[in-house]
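Dropping the structures in below, format is structure tokens.
In the two complexes below, subunit A is the common chain; its partner is subunit B in one and subunit C in the other.
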Partner chain A sequence: MISILRSLWGVFLHAFRRRVTHRYPDEPMPLPPRWRGRIVLTRDPDGGERCVACYLCAVACPVHCIALQATEDASGRRFPEWFRINFSRCIFCGYCEEACPTYAIQLTPDFEMSECERKNLVYEKEDLLIAGMGKVPGYHYYRVAGVAIEGKGKGEAENERPPVDVRGLLP
Partner chain B sequence: MIEIVAVLAFAVTMSAMLTWVERRLLGLWQDRYGPNRVGPFGMLQPVADMIKILTKEDWVPPFADRAVFVLAPAVAVAASLLSFAIVPFAPGIGIADLNIGVLFFLAMSSLGIYSVLLGGWASNSKYSLIGSLRASAQMLSYEVFMGLSLVGVVAMAGTFNLREIVEAQRKLWFVVPQFLGFVIFTIAGIAETRRLPFDLPEAEAELVAGFHTEYSGMKFGMFFVGEYAGMTLISAMIVTLFFGGWLGPWLPPIAWFLIKLFAFLGFFILLRATLPRLRYDQLMAFGWKVMLPLALANVVVTGGVLLAARGL
Partner chain C sequence: MARVVIDGKSYEVDGRRNLLHACLSLKLDLPYFCWHPAMGSVGACRQCAVKQFKDDRDTAGRLVMACMTPAADGTRISIDDPEAKAFRASVIEWLMLNHPHDCPVCDEGGECHLQDMTVMTGHVVRRNRFPKRTYHNQDLGPFLTHEMNRCIQCYRCVRFYRDYAGGRDFDVFGAHDQVYFGRAEDGVLESEFSGNLVEVCPTGVFTDKTLARHYTRKWDLQWAPSICAHCGLGCNTSVAERGGMLRRVMNRVNPEVNGHFLCDRGRFGYERAQRVTEDPEKEKRTPEDSEKKGLSESSGSSGVKRFSEFSGSLCGLLIGIGSPRASMESNFALQTLVGKDHFYSGLSDLDASLVSLILDILRNGPARAASLQDVENADAVFILGEDVTNTAPRLALSLRQSVRQKALERIGKGGIPLWHDAAVREAMQDEHGPLFIATPYATRLDDVATAVWRAAPDDLARLGLAVAHEIDAEAPAVSGFRMPMNSMADALRDARRPIVVCGTSCGSVPLIQAAANVAWALRRQGRAADLCFTVPECNTMGAALLGGGRLGAAFEAEADTVIILENDLYGRAGAAQVDGFLGRVKHVVVLDHLRTRTTSKAHLVLPAATFAESSGTTVNNEGRAQRFFQVLPSREPVMASWRWISEMLVAAGRTGWASLDEVLAAMGDARIRAAAPPAAGQRIPRRPPRYSGRTAMAAHVSVHEAPPPPDPDSPLAFSMEGFSPEAPPPLTPFFWWPGWNSIQAAHKFADGPSGVRLIEPGQRGAFFREVPAPFTPRRGEWWVVPVHHIFGTEEQSAMAPAIVKRSVEPTLALRPEDASDLGVSTGGAVQCMLDERTYRFRVQLRPELPVGVAGLSLMGATKGVGLPCWMALRRA
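After this line comes the complex of A and B, so read on.
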């Protein structure tokens, strides 16, 4: 009898406790910045595409949801002609982000991408490309890489020594 | 006539809103929100439920006894609503001023058994039958000392008329001299309305839904209207018989009545939030071996004290 009254009182006191429910759509979910959500393609500080269409992400993807076609522009920069991620297959493992040598493909803290139709989950390049630099500000692949493009020859990148003249070396 | 409509509207609205109140309060006591999407604080949830339940397919199983199957939920609601005729809300507010109000209430609450029994029987299904058998056994046993627990009140007030019983509490609410009667009546009332921890007839965990397993649509809803109306009624009776009905300082009488009524409704819901369901044999043993002797002892002691006081 006493224990019943005590538990009644204990339950009544719960009226003054904080509620554990998170009212999600009304209050946004606080997500950590490294949350693996919607995948984006970032740009370098000059606004050019970071992606060099190396296919490493497509290879790393365990569910093969990434597809792209490489091409090259007049200045010699490689870029994807088209880039397609099928988010109905994507498992948000982040392997593409790890595989990417140029920090182009990145996962963002956003999971609100539900669609009524499955085909709407196939994102094309214009859906994936964002205006900013994502999680790696200031990084410019062509400035630090040794690959030659128009306006920047061999050995002109940051921290790069001039190329060795292999014919000039004496045995 | 206006009073009849008003009381009827009050009873039906109460039973509809109680579904919302119960879910919100359960949520509050379980550290969550409960329905809060429809309207302010989810207050329109009963309306949404009503629309849903009225537009649902109203299906009578082919193996059921059709006439009785349809009749049972109507009995549930009718028995609960009829009892509201004798509830004295405030001086001048109330439908009937019966001089046998207490007996009328007991009779109507006994009639409520028929809805459960017939509903379970007409469904022609095992779960329903077991549920209805449990319900009728439970309600019959708890009816016995529900009546006995009121004998003390009736003896002290010297009348069966509910208004005069309320007036007799002007000096002292009957909950003080009749505390045992109050406890017994409350427990019996919870069992009568098949609320937790005495909800064995419904027992979702073991009997699907007990006697209303086969019901759907508004027939199912009628059972719930009946249950919540019964809950309101029991609270109203506790307030009237033990807590001085409309009596109270400063506020108008009807306000006092409603405040007390809602306090007990909240208590009923708190009981549901706290206590687990009894086992069936525990329920029966508790009723016959504990409550009945206590109720009888209460009658004897009250009668003895009253007689002694009169003799002196």
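After this line comes the complex of A and C, so read on.
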């Protein structure tokens, strides 16, 4: 009897406590920036695609839900001809982001991607590509990489000497 | 055999090897760069350092380079010694100082020996803060991309290109830490073996330019063991596809055939099959009926129904023409369908007589058919009439090694181990052993020849017969013949393993008989002389073994329906003759994957599978039956030719075959069946364990992943599940081993030969007795011999984009004197009448041609001309 009354009293007191349930979706969910949600493809500071189609995200993916095809444009930049993520398979583990050598693929704090049909969860490159740099501002892969592209010749990347003059005789 | 102790464990190894080779053969991991199984050691990279101990009391030891130390009996070494490990780690760190930050965009990434070795030694953090050295790249032509920044100066490329393959236009330039590997200036790499640099280079300096157009990492490709379809040598390859697109060809080691190297035609010729297989609809690969256009949307079975309507009651008047580029199984299936008496082998009449003569020589004579490895080990070679670089390219690379054998023997006796490449080459200098070349025109091997002789094929045959007579007096003498190369017979007699190389390219029967006489004469003298005949197509030998009537007889035969198997008759006989035949036969059914003049004349075209879409067996020039396997999953309505024919058999109320093994059982030749294990037991995966994107590749079509397609024809699976490490050599789809992602992983696999030799020599010793009359030039007419081109002559690779860029324009080669008599110069045109048709050819001057002889490029339309023949030429 006493315990029932104590419980009733306890429940009554709780009516005046601060609410812990979140009234989602009326109130948006505050998520930490490192939340592993919807995957995006970012751009470099010049606005070009960051993805160089190296296939590392695809091979890192434990559920094999990333597929792409590499291609090269006239300027010598590699990029994916198509890039597909099957979110109906994705487990949001973030391995792709870890594997990405160019910070192109990033997971974002967005999980609101429910669909009634599985096929709508297949995202193509147009659906994945965002306008900005995402979580890593300023990084530009081709400014670091040794390959030459249009507008950046050999020896013009960071921390590189000018190309060797093979015919030079100087010691 | 020698006993060596490695890290306290005792092993039995081959004492003739160096320690590195021995360790790798034991499947121990020891990093290396400059050593190559086919090219030996130079000790340049210092990566394979191990600790060597004097005896079991020695604990200090000393660092030695494993590749430069013989695996002598009693050697004690340690791979795991901390000092050796630290040494190797510092070597990698030093090699990586200037390596660019570009693995993500490097085509070698994922199959890079440098990546593997860096991971193996544990170098993970870059400590060097100083700027990196850079280089300009060169444009090296349609096959290779050049990215010099990635170079680690191991010198493998020059060692292969110059020392091994005899190329002259590629070298190392510069000094100290600025050495440069490339050409003196931008330009196409001339060597026919330049593609091997992709595999020889341990990092991404040389990568496959054709692959870059549809780039896929090695781990993402689905592989199958295959046999090159682009010449008669039957080199073993691994072919790869992804998403239904054929993507690349790599070498598959078969120590008795191609070893570690391929020619550029074999490596880059796949693009034609890629085009054909990429989109069956775009390529119109549906059953096509010239009368009823509506058939094209129908599936495979209606193609057969249409065929049975055609042939229904006409079976008695059904004939079949086989093909030297179709598999044994397909040829056999057709032979079964039409019956032995109505089956014609599909070789041109000249080729058929040449190849049956070759078969007779190899089967009944005492000389063996030489494998490429035998050629490599030959200590004297006599080439009669063959321009091997262009007819059987990989053979030329083996011949380049054979010229070293004599000197190697001397050097080996002097105590220098033969794997010690730098020392061997130093001791050898320019010495090269006996190689005699007798051909109608200059060849690419002339630079290593002891002597060359140019003459018309009949005179070459007389030379061969005269040499045979000089070796053994029993052989017929050639009256009135003055020997142009005196020492030749002696040099051949002095050799222990001489080889005579001949083939079908000159189209001369006496020449082949002469080659046989030389080898038999040597055999009678107790030398282990072998014969190496080149044949034009991948299954020419198989087609000859299967037999069948002559094509000429097929054209005369009474027939209402003819089934032509993967064959362009216009390349086998004169156009008028073929036109007459195809016009006369009521129903022409063609099974093919290429669009040819013959398919355009057909009433029914059934889409046959290419080598990438079907499994089967081919027999190479040596008589070795080897199996190739399907890499592209079957796509309706394309089927292997033998499957089409099996459906036809079923439609005719007879029994067909459901799988390749059933066809092989019906063939009844146990040796052909033994070329590869049957489809039973644990499946071998075609895909590497890291194959990615399975749940996304086709998700835009359907999110429900389809099960892997079944493969009733082989023990391989279109999947990554299964067990591969102990796959026997004929079933090894690709070389991969944990920690060894590059093709250097080959040493982890069983290195036995694969394929089964179908031809073994007999005992007959009787020489060929006919001696041809000396060649007499005619006025106003030339004896025109075919000139083969590595890029362009072979039908299945001729249209591959990269090959097209290397192809030359077909020309008629004339002596400058003859040309000026005709009033033409280089680039001018001549014309001639053949088969009631006028042909026009551009003229190329070749001063080395014998008097009265001209050469005509064998490509496209000139294939049906019937070379060699007399031609009356005049200025066009």
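The rule is simple: the second predicted complex is superposed on the first by the 155 of 171 C-alpha atoms of A that agree within 3 Å, B and C clash if a C-alpha of one lies under 4 Å from a C-alpha of the other, contacts with A are read in each partner's own complex, and residues count from 1 in each chain.
Basically, contacts are C-beta pairs under 8 Å (C-beta built on N, C-alpha and C of every residue); 3 or more make two chains touch, one makes a residue touch a chain.
These numbers were taken from a predicted model, which means no experiment stands behind them.
Room for both subunit B and subunit C is found when the two structures are superposed via subunit A, with no clash between them.
In the superposition on chain A, contact of A:S75 is made with neither subunit B nor subunit C.
Between the C-alpha centres of subunit B and subunit C, as viewed from that of subunit A after superposition on chain A, lies an angle of 130 degrees, to the nearest 10. When the shared chain is aligned, subunit C comes close enough to touch A:C54, but subunit B does not.
For subunit A, the partner that touches more of its residues is C, with subunit B and subunit C as the two candidates. In the overlay built on the shared chain, the residue A:I4 is in contact with subunit B alone; subunit C does not reach it.
Looking at the shared chain after the overlay, A:E124 reaches subunit C, while subunit B stays out of its contact range.
Once the two complexes are overlaid on the shared chain, A:N86 sits against subunit C while remaining clear of subunit B. Nowhere in the superposition do the C-alpha atoms of subunit B and subunit C come closer than 35 Å. When the two complexes are superposed on chain A, none of the residues of subunit A touches both subunit B and subunit C. By the touch rule above, subunit B contacts subunit A in their complex via residues 27-33, 270-271, 273-275.
Contact residues of subunit C toward subunit A in the complex are 100-105, 109-110, 130-137, 147, 149-150, 173-176, 178, 180, 212, 214-217, 219-220, 243, 690-697, 699-700, 702-703. If you check the complex, the residues on subunit A that touch subunit B are 4, 7-8, 10-12, 14-15, 17-21, 23. Across the interface of their complex, subunit C is touched by residues 52-56, 58-59, 61, 63-72, 78, 84-86, 88-89, 101-102, 118-119, 121-122, 124, 141, 144-148, 154-155, 157, 159-164, 166-169, 171 of subunit A.
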